[in-house]
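Let me begin by presenting the structure, written as structure tokens, before commenting on it.
In this document, chain identifiers A, B, C, D and E correspond to the written order of the chains, with residue numbering beginning at 1 in each.
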Amino acid sequence: MDIASFIGIISGLSLIISAIFLGGNIYNFINVPGLMIVFGGTLATTLITFQFRDVFAAFNAAYFVFSKDKEDPNDAVATMIRLSRISRSQGLLNLAKFKTKSLFLKKACGLLADGSSEEVIRAALTTEIQSLQMRHFIVQDVFRKMGIYAPAFGMLGTLIGLVQMLSKLQDPANIGPAMATALLTTFYGSLLSTLFFLPIAGKLRSRTVQEIIHLEIIREGAISIINDNNPVIIYEKLSSFISSRRRKPMNQMGKKLKQ
Amino acid sequence: MDIASFIGIISGLSLIISAIFLGGNIYNFINVPGLMIVFGGTLATTLITFQFRDVFAAFNAAYFVFSKDKEDPNDAVATMIRLSRISRSQGLLNLAKFKTKSLFLKKACGLLADGSSEEVIRAALTTEIQSLQMRHFIVQDVFRKMGIYAPAFGMLGTLIGLVQMLSKLQDPANIGPAMATALLTTFYGSLLSTLFFLPIAGKLRSRTVQEIIHLEIIREGAISIINDNNPVIIYEKLSSFISSRRRKPMNQMGKKLKQ
Amino acid sequence: MDIASFIGIISGLSLIISAIFLGGNIYNFINVPGLMIVFGGTLATTLITFQFRDVFAAFNAAYFVFSKDKEDPNDAVATMIRLSRISRSQGLLNLAKFKTKSLFLKKACGLLADGSSEEVIRAALTTEIQSLQMRHFIVQDVFRKMGIYAPAFGMLGTLIGLVQMLSKLQDPANIGPAMATALLTTFYGSLLSTLFFLPIAGKLRSRTVQEIIHLEIIREGAISIINDNNPVIIYEKLSSFISSRRRKPMNQMGKKLKQ
Amino acid sequence: MDIASFIGIISGLSLIISAIFLGGNIYNFINVPGLMIVFGGTLATTLITFQFRDVFAAFNAAYFVFSKDKEDPNDAVATMIRLSRISRSQGLLNLAKFKTKSLFLKKACGLLADGSSEEVIRAALTTEIQSLQMRHFIVQDVFRKMGIYAPAFGMLGTLIGLVQMLSKLQDPANIGPAMATALLTTFYGSLLSTLFFLPIAGKLRSRTVQEIIHLEIIREGAISIINDNNPVIIYEKLSSFISSRRRKPMNQMGKKLKQ
Amino acid sequence: MDIASFIGIISGLSLIISAIFLGGNIYNFINVPGLMIVFGGTLATTLITFQFRDVFAAFNAAYFVFSKDKEDPNDAVATMIRLSRISRSQGLLNLAKFKTKSLFLKKACGLLADGSSEEVIRAALTTEIQSLQMRHFIVQDVFRKMGIYAPAFGMLGTLIGLVQMLSKLQDPANIGPAMATALLTTFYGSLLSTLFFLPIAGKLRSRTVQEIIHLEIIREGAISIINDNNPVIIYEKLSSFISSRRRKPMNQMGKKLKQ
């Protein structure tokens, strides 16, 4: 569960809602056709822009990001040191038996156990990282585009409202409320974009950056196992990916793994 | 037929049209000179910006994208494994006889059958991919620029309407409807841009990304055939281009091909 | 003569002018001080931003682009194959006598005839392409910046008009026409930017892309002549720069050249 | 203490406050719910966009930048020359005892003392620089995004105020003050963004650039110590990172170090 | 003296001032507190964003660009050919005595005279070019950011004015002049940005591009002197940096130098 996002969404929404209550009637802020134009229009244009499965993947990714815990890059370093030790004591072949839920780590172990050359390992894992990066980019892009389409439909709704109001300008007493209604779609579009779509795109990007680092640690570790296979050098190389303040010393990693 | 785009356009349009009907008279939203300024002006500026044939290519590509089915990258991997098996059993020369509708795959087979070196194959196919990418980029750019020009002409139309209205401000009763008419071109321009031009540019980009992956699988496969020509290694290398969730196991690919 | 641009400018202008005529008096749209602020201001800021000769080069390039015919990349491929045949039958030295109006092709021939190494040829021609690309980029940038400055001066003109109008708000009957006049500079600025400056920058960019491909074909051809000098391989390599739909088969190129 | 930032913030704030006082009553510019929407909303969306610890790191970094003194790149060059002399006179092993507060320099000394190859040193230190650069980028991004969210929440607040005002347009005498209040949130959002968030993001970027140069001098110096270990060549290479006007001659550096 | 900039600033300012005079009283356009908010606020935020010395360097660079004459790249080519001839006739050592005001050329001569390897020369001079490029980028960035801050403070000033005006809406006769005054800061901000800050940033960028070419000619020339030291090849390589229309033939360069 991503607590920061949870706090952010709850507090952001309550601020907006209490501001509406303070100033008067909340019914003035509810307009069903306006909500439909902004919500529906944004969803419709998103379907034109992307593939069906990219849109599903995006909502899926958003759900996972907000429910799944973050991974600690120190764990990836520890895993690679452990793999290095296994391969030194039991041979590279035994890496094929290594149990892990990560398909990427499994592929790396498989390539090592098959005795692939450094060039094949680097090529296969780099392609894998790049295509993951590209898929994640598309997923972020779905929310980024929704963050652009929502205010655009908000403005379209306001334009429709303004044209309707201005076409029948006989009753001046009606101008105020009609304009308030017309402005509502602009409000909906901006709120959706500012409080949901753009921050979610940001969080997805932030998570992707972390996942890529995780995979790069595994790739560089696998290449080191092929080349020199010295746990100390592997630690030296891989720990550089982690901020010096959050980096764990090597002996501490060993202990953790043995448990 | 791209179903997502179809659903998106139909539902987006019906939302807008029903919002117009709900609020009153649809005739208030029809203004022929305004439509001409926005449509015609956008088309005119697009012709100044691009070559004639780029504009044709763009509309062509849009038609194809919405009517043609997507390709499965697993098929490209399967094809390259099949080519690898053919070349192992019958020799590289027989690849020249391989039948395919894809001109790119044909070129790859021709280069392999000619006994070209890895460097020549890589250079020729990479140039081919890059120039395809560049042509596709121009095609997307046509719609992206139309998505910029349409609101600009919408604003020009509104400015013309405002200047005309303000120049003869004698009759205040006329202000409302005149301003409604002036705002219509802004509405047309935003609607065209938000519901059509920008999403189509997005879909074209999304399709290009997929096609490039397809061609990269073929290129990397052809280079692997020259180098080691081992179907297992080829599968290992090429399947990295596909998301692990959508990737088919190698034996399943073989079966599919034999059918 | 670039027909697409011609049609675009004529039809864009007639649409705008007829929209003005339809709605009333064209005199309401003519304001000489406003025109001077937008035209003059844009030109003045362009002179501050660029070197004198860059601005001249930009107008020059715009004139050439709209009057000169496009080059066919197939011709460049054919020329390089012809040079390959000449050098095979008569020796590299004879390339120095090859007659051409293109200074770039002349330099390539000179380098080949001098017996320069591949590295020298690649370095000299790549530098040449890059500095041409940079000069063309500046030329496009002149129009792109004019497309930004023109609406900015339009807004400055409108602000001047508004401040003048609001300072003497005694006569309410005068508000309408005064505001119409103030809005005119915004109209001029947007029109110049949307219908002229931005599309011209786009066309120049589109032409540069084509010219670069032309030069790259010559460079890669020259390097191939140094290396293997096989017309078939040269055709295979260079034709990859051209879209498969517009690519001519090699024998047809030969014929064309013999004529 | 960063004096430029201090002067900037004090003078910027006093200009705004005195402009408010000059024109009348400062109470017209205080609106607690409005302040809460803009401040709270910006903070809430920032929490959704980033990880908790990125937001903490950002405020931390901002505090350090404004309180810590800048480092002189000449000192880094001097340190590397001193390390070169130590390693020449006492051997590479003695570098392990070199005392420094910089964790990066410590790592470089450790790698040198371990007798690591150039390739390992370059890889480890480059990864370290890149991951520092990425973390700093995120920190700047926190303020850059706050600079975008603040005006967006300002606009949302104004929209809420406008809708509330327009819904009850009976009393025309009330329009002015109600609209003034509605505009206040736009004012808060723009002020926060223009005077705080965006300039702080800029200063953090400017500091990062300097720190990266510092680390690059250390990395290039360490590699030179492995390779030729000639203080004169090291000075020649490393001093190129410093502007020729601010660069100190080599003998002056030596003196400074001996003190 | 940069004549284009001089003409641009004078003509741009006179256009704006005459437009103000034509429409009435220039006193309506002078508002001291407004000027202070826009000027002072822009300067204050610039000090927060950059280091003190970057801001000084920026104003310094702007002064130099507008007063210093441009350099002709043909001169750099001629100088390098001359250095090549000196080193051929008198030996590389004599290059140390070459007199020049350019610190970069002096460093290149020093490195050549020291008998440095190609790799050391390329590394040192490339680092030097890159750090110059980065410093120049910061200098341009100062003006680019001022071009963003000025309109932002213009808008803040207008918001202050509007809130003050709307808070005391008793006297409707006062609305016009009060709003005119409020709009003035927007006018100041846009004028400063459009006529000064952005074009100056553009000119600085344009000058940097030329200076970089100058330095690249010197670097490539120095490397050629180390490698083959053939004046004809040096001319062939270096002249590629210059547009073919502005390039001088080699014999003409020789003559010029002997004078």
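Simple rule for what comes next: a residue touches a chain if its C-beta (ideal position, glycine included) is under 8 Å from a C-beta of that chain, and two chains touch if they have at least 3 such contacts.
Please read all numbers here as calculations on a predicted model, not as lab measurements.
Chains touching both subunit A and subunit D: none. Computed centre separation for the pair subunit B/subunit C is 25 angstrom, with centres defined by C-alpha atoms.
Between the CA-based centres of subunit A and subunit E the separation comes to 40 Å, rounded to the whole angstrom. Counting partner chains per residue, subunit B has no residue touching two or more of them.
The ring sequence of chains is given as D, E, C, B, A, with subunit D as the starting point and subunit E next. Listing the residues of subunit B that touch subunit A in their complex gives 3-5, 7-9, 11-12, 15-16, 18-20, 22-25, 28-29, 70, 173, 175-177, 179-180, 183-184, 186-187, 190-191, 193-195, 198-200, 202-203, 206, 209, 213, 233, 236-237, 240-244.
The residues of subunit A lying in touch with subunit B in their complex are 33, 36-37, 40-41, 43-52, 54-55, 103-104, 107, 111, 114, 116, 120, 123-125, 127-128, 131-132, 134-135, 138, 145, 149, 152-153, 155-157, 159-169.
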